[in-house]
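In the two complexes below, chain A is the common chain; its partner is chain B in one and chain C in the other.
Here is the complex of A and B:
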């Protein structure tokens, strides 16, 4: 039965300028462009990935939204009706990629940053040192010293700490969800920029073992690719409990993506589906989590921090507190806008809470319990620019995690079709002809440029705040003000409204 | 009495100590701070003096400010159950006093700003009852009580709570405050002083410097831009930051790091005005390891923003600047006396012939300690 769904986009070709080079046909990985005397688009297949637009030498292609007139209805929006049509046709769960796209209030955009005037001077980051260095890991509440005839030495031994030159790490994205070239680009960039990439749950390809010092290896519910060497080929280990785009939901890498390399890396037969269960089947409680944390610490001889990643759900503060008490050295909180390669749309769009509120609640809770030093907090779930980074750190994060922003830097156009495996930019695909479109060197340079730019912007922000070290912004909510926020939200964020002085 | 306004501070600081423990009266320190008259604006001045109560040196001296007599009564009601009061008396003052001397500075307007509308000023020499120390140490108990008084008894304020020391402060120019409190009649081996230039007008006596807790006293010229996180860092340790001024975090940070965490003072300064990573990376071991760990663990205690600070305590005086020296401080020595002040002129005013004068480098502490043999 032919689909009743209208095309989402209309591909317009300016035939006066088209020189019929067929580059668009070669570049379109969704089969939208055909050549019959001239380029003929199949509008229904267009996902607005802009690959053809970017590569057309004559700029003869434009993509427009298919502005079909519907009988106006503020409730039964076109998108709602189309989703029903899709499900009526297939009987399936609607799949989606990337993060929650719905127009919820973005709290970052309702926070404003302070600056110095007169009474405390601002600092010029081009002339004075401006420090972004951050260490992830458990810190004691105090240091003890020995004094032997005036020779003072440290009596306390710190648990392992991971140094970041910039307080931004790359998010967990598995080899499988994204291509090996994308993984390589992330690893290269992490090394060059002095930060970390995260393997996600798909194991670590052997080609990347030499980047161990800049890699977080993840242990997720499917335990794909987890072995002793894997755990030890890392700067840090992360246990993934949840993900912002799909709290409480497992994962599914379809068998057609499991080629030889992925098969080896994940340690599963080629061509079989890789199913990650919703929970870890050996973690049904906080005490089970503690056992896994310490099992990993044993396996890595207590040389690496062990983190736990959870999605931001209603009770996130209490859960995070439990995780810290269970022995985690780092807690990653992933907000409801966090991205993914594939998730049921109903979960992506309706489950979880904003990262801003979750972060504020967790940081305050850990302080109230006097255990804030016991773990670092990583904040994930749609960090879009350096202002978001600064605001997240001011709310209490030790560092932030970027996934979607990193993909966009590599070429992603956020078309939300990652789960189809047809990524025209060579990122979320395993098709060799598409994967090779992403040059790891070029990708890593773009990623490093992004971190460099954000790092410099952070230095400008710190300078205008009159502080020269990131730890003087970290948790300093006094330097934030809320605008157009209700009283309860301000209270939850722990910030004052704009217009109120100190 | 207490305003809800937050007060960033400008200010002048001056301090002097005799390493041999020789006690001198307050006229010199008054003269020194008077010279820097233009650095203050008449909205606050104060002094800390160590060694002033030799006959009560084993008792905690509470310097109190009360809005009115009924606050004093309710305070005493609260206080008498918590401490054994050995002696309580009015702090001697000269109402309407002014500084009438001359200094070598050009300012000619001394004597025109009499100290008026003081709160009730009272001092209590107290012992901590044995029964109170079952679960906490003596000093911990005093800290808890100070926090409680300042946060729960409206209109009562603990200006200082150390042994054999006291803080004398109020609204006005510092030289006038000094005369008002009759500091020429006290003898101390350490004097610190402060003239204040707040950019707001709260007119609150408790808001003047020094800030003090136990025998810690802080005078501070500058603004703590990291106040937000310093406050949040201190709160889980039980400190209540009620004074709405950034300087109190410095006093509490020293209390936490040195008294409770038992950190040597020179290392505590390395937490508060930490060396830059670029310098730490070039340090030899074990210095490098120590400096790295201090920054990793005490990031929330790092003071950022412009400041020069003089910390006083029973055994010494410490002066230090922010990490890029955005506020001035000059140190000098004459015989066994160590001087620190915002301006060299303020030292020369009272000790024209100095053995050595220097400006400490940014973030480097100048630590003055009483000689070993001084009890």
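Here is the complex of A and C:
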């Protein structure tokens, strides 16, 4: 069937400046740029990944939206009609990459942070100690001490804790969804910055075993590459129940991406599809979840925290309460804007709830039930800058999780074509000639720089708040105010509207 | 030296810690008496030890196990060999649901029946090919999502009108092989599998493993082989390859 899809973008070449060096042709991984005595773009193939634009030495390429590809209509938007055409031509489920791009209200941008003036002095973070250190894991209900002739010792046995130098960890992205070089960059950066990366559900490549102290290993429904050595080569084990971009949906790594190294890491034959069922088939209840948590604790001899990751859905607070009662030491909540390597578009764009509301609801519920100290909360699903981090922590998170932000730092242009495996930036691809484009050292430096910058901005925010540790901001919703929010939303977030004092 | 533990009334965490600590000190053989529902026995053991269980072990027996030999002289419960990597388990009785979930290597020999979702998402990689043999009957979703390995279902000592296996056999199966001793009704098959005739290689596999099986449980090999087997294979290693629009 001949395709009726008009091109989404128009690639404009400034032939007066073009040197015909063909660098754009070499860099285009989507087959858009061709050379026929001059560079000729095939507009239909352009995904606006901006690889050619970035690497053109003469800045002779611009990419524009194909403005009147579809006649204007405020209801039948271009993307709506484009999707119908795609489905009419293939009969397929629409796939999507990255997070929900639809223009829902971003609640972070409707929250404002407090600061000190006169009555309570602010602190200068450049000259005074400012603590970002965070510990993940179950905290005791109370601390008991022994006193032997004035020598005081802690009598309470502490549960395993992970020390983070900065309250930001890298999100679960599997080797398969992203390249080995991307995994290496994340592991290197996690080690350098004193935080954690997360394997996702594709196992851990042997090259990364030496980064065990900075790695969260994930156990998901497909159990790919999960064995006792894997569980023990980690700082923490995470059971993946859900992902914000695809609540209730399993995973599917197409056979084309299962090459020799992925095959070895996932422990499946090369070329076969790696299917992760939607549920874990040994978990149909909170009791079953508890069984898996303790199976992992037995296998790791109670030396590591065990976390559970869920997507933010309507009943998230009650579910999180169950998870904590089931014995989880860390709960990760992933909001509906969280990213994905591949997911049905209808799920990514329509299922789940915003992380801001989910986080507020979970933190409040656990406090109300007196079990908040039993688990740390990790907040995920589109944390875009250090202000989002500060607001999340004030709403009750112990630390935040960044996926898309980390990918952007490494070079991602959010073209949302991760599922095609053609990532021109060497991130969401397994093609060796593309993977090589991402240097793990450079990638890790960019990631560490981002964490360093956000860390320093957090110190500035803490200083202006007049506190000297992130611990003092945690769950302190009194330091947040809402702007342009309705009463119900303010109530759910547990914050007052801007303009109201204490 | 054999370490003998009376498990009567013992909490699973204490029992498993005793076993782990003893293994770390070089113990290689255990006999567990009066076992009654203690979970996770053999969980994550990487050493070559022998464990004999007298009584019914609890859920997730031998989960993440990597190379031990376990005999159960009774029934077992749910999740036997969950995500197991290597080793051998012999159960002189029935086993529960989700037996062999994500099993990646080793052998599981069950004398009696099994519940639902046996061998779900079993997978193989090169020389690691997991094996489950069930002497009796099996519940629904036998071999669901199966991605590799071998399962053999024998249907011994069953009533004439009891079906050998429930519905939805091999739903989502995309690798591995299932052998069934007897006939299967077409409507009980998942849509991703088909019935095939056995070839020489299959006979070799059956001979090898069923001889071992008969030795463990005292069945007569020739009698067992006197009834024909069928083979179930996935139609495609990529059952969902054409589901999506790019």
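Worth pointing out:
To be clear about the criterion, the second predicted complex is superposed on the first by the 498 of 502 C-alpha atoms of A that agree within 3 Å, B and C clash if a C-alpha of one lies under 4 Å from a C-alpha of the other, contacts with A are read in each partner's own complex, and residues count from 1 in each chain.
In this text, contacts are C-beta pairs under 8 Å (C-beta built on N, C-alpha and C of every residue); 3 or more make two chains touch, one makes a residue touch a chain.
All figures in this text were calculated on a predicted structure; none of them were measured in a lab.
Of the two partner chains, chain C is the only one touched by A:223; chain B is not. Of the two partner chains, chain C is the only one touched by A:231; chain B is not. Within the superposed three-chain model, A:37 lies out of touch with both chain B and chain C [touch as defined at top]. Once chain A of one complex is fitted onto chain A of the other, the partner contacts of A:16 are absent, as it touches neither chain B nor chain C. Common to the chain B and chain C contact sets on chain A is no residue at all. Residues of chain A that touch chain C in their complex: 86-87, 89-95, 221-223, 226-229, 231, 252, 254-255, 263-264, 267-269, 271-273, 275, 277, 281-282, 291, 294-295, 298-301, 344, 419-420.
Chain A meets chain B in the complex at residues 116, 118-121, 123, 128-129, 131, 133, 135, 139-145, 147, 152-154, 156, 158, 161, 367-370, 372-373, 465-469, 471-479, 501-502.
For chain C in complex with chain A, the residues that touch the partner chain are 13, 16, 20, 39-40, 43-46, 59-60, 63-66, 78-79, 82-83, 85, 98, 101-102, 104, 117, 120-121, 123-126, 128, 144-145, 147-148, 172, 174-175, 237-246. Contact residues of chain B toward chain A in the complex are 5-6, 8-10, 199, 222-223, 225-229, 231-233, 235-237, 244, 260-264, 267, 274, 276-278, 286, 289-290, 293-300, 302, 304-306, 323-324, 326.
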